[in-house]
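Worksheet for the structure shown next.
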Amino acid sequence: MTAHPLVVDFLIPVLKIAAVILYPLVMVIVMIWMERRVVALIQGRLGPNRVGFEGILQPAADAFKLFFKEDIIPRQADRFLFNLSPVLVLVSSLLAFCFIPLGESFRIKGYTLTLWVAESPVGLLLVLGLSSIGVFGIIFGGWASNSKYPLMGALRSVVQILSYEIPLGMTVLTVIFFSRSIDLVAIVNHQKDARIWFGFLLPVSFVVFWISGIAETNRAPFDLPEAESELVAGYHTEYSGMKFAFFYIAEYAHMVLVSSLVVILFFGGWLPPFPNVAALAFLHRIPGFLWYLAKIMFFLYLYVWIRATLPRYRFDALIKLAWKWLIPLSALNLVAVAVLRYVL
Amino acid sequence: MLDDLKDAPALKRVEESLRRRFGAALLAASFEKGELQFEAARETLSGVLEFLKTGLGFESLTDMIGLDLVASRPEGAGRFAVLYQLYKFPEALRVRLRVAVDDGEALPSVTPLFRAADWMEREVFDMFGIRFEGHPGLTRIYLPDEFEGFPLRKDFPLEGRERGL
Amino acid sequence: MTGLARFLKKFFLVDILRGLLITLRYYFSPKVTIQYPERVRELPPRYKGLLRLHLDAKGEPLCIACLACQRICPTHCFDIAGERVPQRKTLWPVRYDWKLERCTFCGLCVEICPTSAIRFSPEFRMTLLEKDKVRFHYPDMYLEGEELQKHLCGGCLE
Amino acid sequence: MAFKTIDLNMGPQHPSTHGVLRLRLAVDNELVLRVEPVLGYLHRGMEKLWESQTYVQAVPLTDRLDYLASLSNNLAYILAVEKLMGLEVPKRAQYIRVILAELQRLASHLAWLGFMANDIGAMSVLLYGFEAREGVLDVFEAYSGGRLTVHGMRIGGVPFDLDERVIGLVRRALDEIPRKVADIEGLLSQNRIWLHRTEGIGVLSAADAVAYGVTGPALRASGVAWDIRRDVPYSSYGDFDFAVPVFGHGDVYDRYLVRVEEIRQSLRIAGQALENLPPGDFRARVPRVLKIPPGEIFHSIEAPKGELGFYIRSDGSDKPERVKMRSPSFLNLQALELMCKENLFSDVVGILGSLDVVLGEVDK
């Protein structure tokens, strides 16, 4: 008995789209709370634990506050670009989540419900492309605020993101050597069939991808575009109220996006660990989505942990690290994997 | 020659070489509470400081102190005085040079000799109004440039003036 | 340390991992901050909180209006007047105004008071609603604890 | 098209200028061409105030100079007044003063360690530094009641004796600080990013340091072995043995190393002073209305920031005729332009942090 066409063609896609928008926002709220708590706990502080149980409503309180804050636009700012850039940054991050597969597809009453909105054969390219559109938002935002610190923040982020996209791209190539396809779902399925995660096959690619991912999202130790102690608040110094909230949410969404990519490319998306160990077969009963979520939470925790520990790079060393270390390393790795793949 | 200098041989040598070098130009010398202080005229100031720095090795200008002696000055002496506190590193010797300045008179700037004097002279100018010729940029250091009057002068009221600035 | 060892250390991010281990240890170690209104840190006896006047055993003011504190105070916080009273030789304070907004809590007045009438109290809660509550007049100088809070910020405790 | 340099204002309200300092920078994209500090935003006219207050009333004012090291300011001013009076302070008071001054140096260096690391991005070290400093503030709070502006010394000695409670707190602080500093060093000293941000940055040669009147840790990091506690001992510092750390490169990293080593030395000094604390009274008799016969002296001590000196001239009344304070941060800041030229913008933050400048002391 196939489900009613109205349900299949209209209701489910709408629900899925709503889910795609809600999923990153929920993750962002969890991230805001986790970041403030984890950094606090690392620093020997209790952290927000007053609003709601253990401070879980703190992000909601922040959002509520930002919603009512006055929205100031600097006098000589370029109004159009100033308003456009937060939208650009947020939309590009949220849009990329359409292609992230959250779990296996399963059948309900004859209809296969897929846990992703769109499965496109070029999913990986789309996600990478969309995530680099966010850069425009940062550049326009910094430029349009017409004040010195945001301008410097914007200039810094241009060079930083461009130089770190190259190693990112190259390490992704090594994964494609093995998965032979750039469809995210296929990559995960391939890891299921090969019964080994690419992360263990390509450790160097994973490390370089992760470091470039941190730089891509302007997170410590590469958070130069928004270095509090130097550029006051970097590119979003002049923003306030909901526009600032957009930047804030977009940054966390971008982090969740990069963590999802790492998990999908290197740690087998929703696959339970130790597939070939018979004794641990009961792990398969836990749904794929929870595995995916657990892996992401680990990487998000890693983000915050690194931010609380490491000092900030200086601008020239940041670029030197990319061009002198990461790019040659990923190039070498590319060649090595290619040769290895050919020989095997 | 100050008699009570006998228990501080190093300072005695400084005092002797200064006397030999400048003789009459060295107006006065005093040794109280373990501190040797000389008095020099405005004209010989640069010469004495030059000799103290290169000749006797007092490379560090520790401090420059401005004084408004309108109440306690002896007759005929200048209203202001500027003290140069010098220090010699290895032997830990301290010497102070005092120069009397009258209202409106200027002192030669010692910035070429001691780079540290730059801001110190600006501060003395800011607080007392004593000008220093040859200073690279003699402007007020603490107070806004359009501030009239010199706060550390005795005639400047403690509560400031009604016009505020 | 040979060049190779230094390179390996650098390549395998040893210094960064050591840093991460330290922060991990702090993540699990007991916290320093406390939940303020529910738990209040115990203050040492010499803590310099609000200045309070004190009465002697018979309930009479210890203060003999000798103006020692008014003279010593660097920021002129006090305005005191005493008058002759039949029942004791020393003066009885009639006016004892203390300007909290001028006080730097330096403690010179407490030190110089011959009868130690004025002393620091461990009261650190100084929030107040109306501006004139900053000026303490004679009877208010004896208030302590909750009455003092009621006097300062007027009944928001109910 | 002539390339226009940006005229950037850093301060007076900026996250890493430690107080109200304004730096007028001429910046070519990231390269710093000119640095001109603008002072006076925290000028309270201390020297004028001192002329209208008695010697005793001026002591709480000195708390507010270098508000991170109030006890060192007290000590400098009080030693100057005692030298002017020719007053001999009992041995026990001198030892208690040494303990308090060294604890204050610990608190100042630990606070600096926190600010410095936070400026360069290691935000957790700020909290670890302050956590270690809490132990010292608890001692001050138990001893004299104040934590930041402590007013813990008087002319003629110290206000209270060291009782069991305070000695216990001092011992606890002296035990805990080495462990916390070891953690901080683990996070910073060998960390490649920290080394990269501090080594070879803001170099100050020994000759320039002396010429610009730089003193304290910044001078010792440039290779000049001068520490007033050892070279011109005061308040019985001669009785203790401690090392004066001296490094040669004069860059930001060496200033970091000097201060960390000085923390260890201060722990040693405070420990020794506590162990052989002589008996006797802790405060000399000083007349209530203090009148000092006419005279003038200059006396300086080794404050955490450098040589903190006081010139006091008395005219026989109970108020000084003139008090001039020699501020270490004021002269250290003068050398900022020399060190920041041709460096990147984010290094200005590092170099300014390494000088440990406190604006209360600079602006007086």
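The chains carry the letters A, B, C and D, assigned in the order they are written, with residues numbered from 1 in each.
Criterion: a contact is a pair of C-beta atoms (placed from the backbone, for glycine too) under 8 Å apart; a residue touches a chain by one contact, two chains touch by 3 or more.
All of these numbers come straight from a predicted model, not from anything done at the bench.
Simply put, of C-D and A-C, more C-beta pairs touch at C-D.
Note: centroid distance subunit B to subunit D, computed from Cα atoms, is 26 Å. Subunit A and subunit C have centres, each the mean of its CA atoms, that are 49 Å apart.
Inter-chain spacing, taken between the CA centroids of subunit A and subunit B, is 65 Å. In subunit A, the residues that reach two or more other chains under the touch definition are 42-45, 308-310. Shared contact sites, meaning residues of subunit D that touch two or more other chains, fall at 124, 128, 131, 187, 191.
Contact with two or more other chains is made by residues 16, 19, 22-23, 26, 32 of subunit C.
Taken pairwise by the contact criterion, the protein chains fit none of the simple patterns, being neither a path, a ring, a star nor fully connected.
Interface note: chains touch in the pairs A-C, A-D, B-D, C-D. Listed in rising order, the residues of subunit C touching subunit D in the complex are 10, 15-16, 18-19, 22-23, 26, 32, 43-44, 46-48, 72-74, 104-108, 111-112, 120.
Listing the residues of subunit B that touch subunit D in their complex gives 32-33, 35, 59-63, 65-68, 71-72, 83, 85, 89, 92, 94, 96, 114-116, 118-120, 127, 140-144, 151-152, 156, 158. Those residues of subunit D whose C-beta lies close enough to touch subunit A in the complex are 6, 8, 14-16, 29-30, 117-124, 126-128, 131, 187-188, 191, 193-194, 196-197, 344-347, 349. Within the complex formed with subunit C, the residues of subunit D that make contact are 53, 56-61, 63, 124, 128, 131, 134, 141-146, 149, 151, 159-160, 165, 183, 186-187, 190-192, 288.
By the touch criterion given at the top, residues 39-40, 43, 45, 47-49, 52, 83-84, 86, 208, 210-213, 224, 226, 231-232, 294-295, 297-298, 300, 307, 309, 311, 313, 315, 321-322, 324, 326, 330-331, 334, 363-364 of subunit D touch subunit B in their complex.
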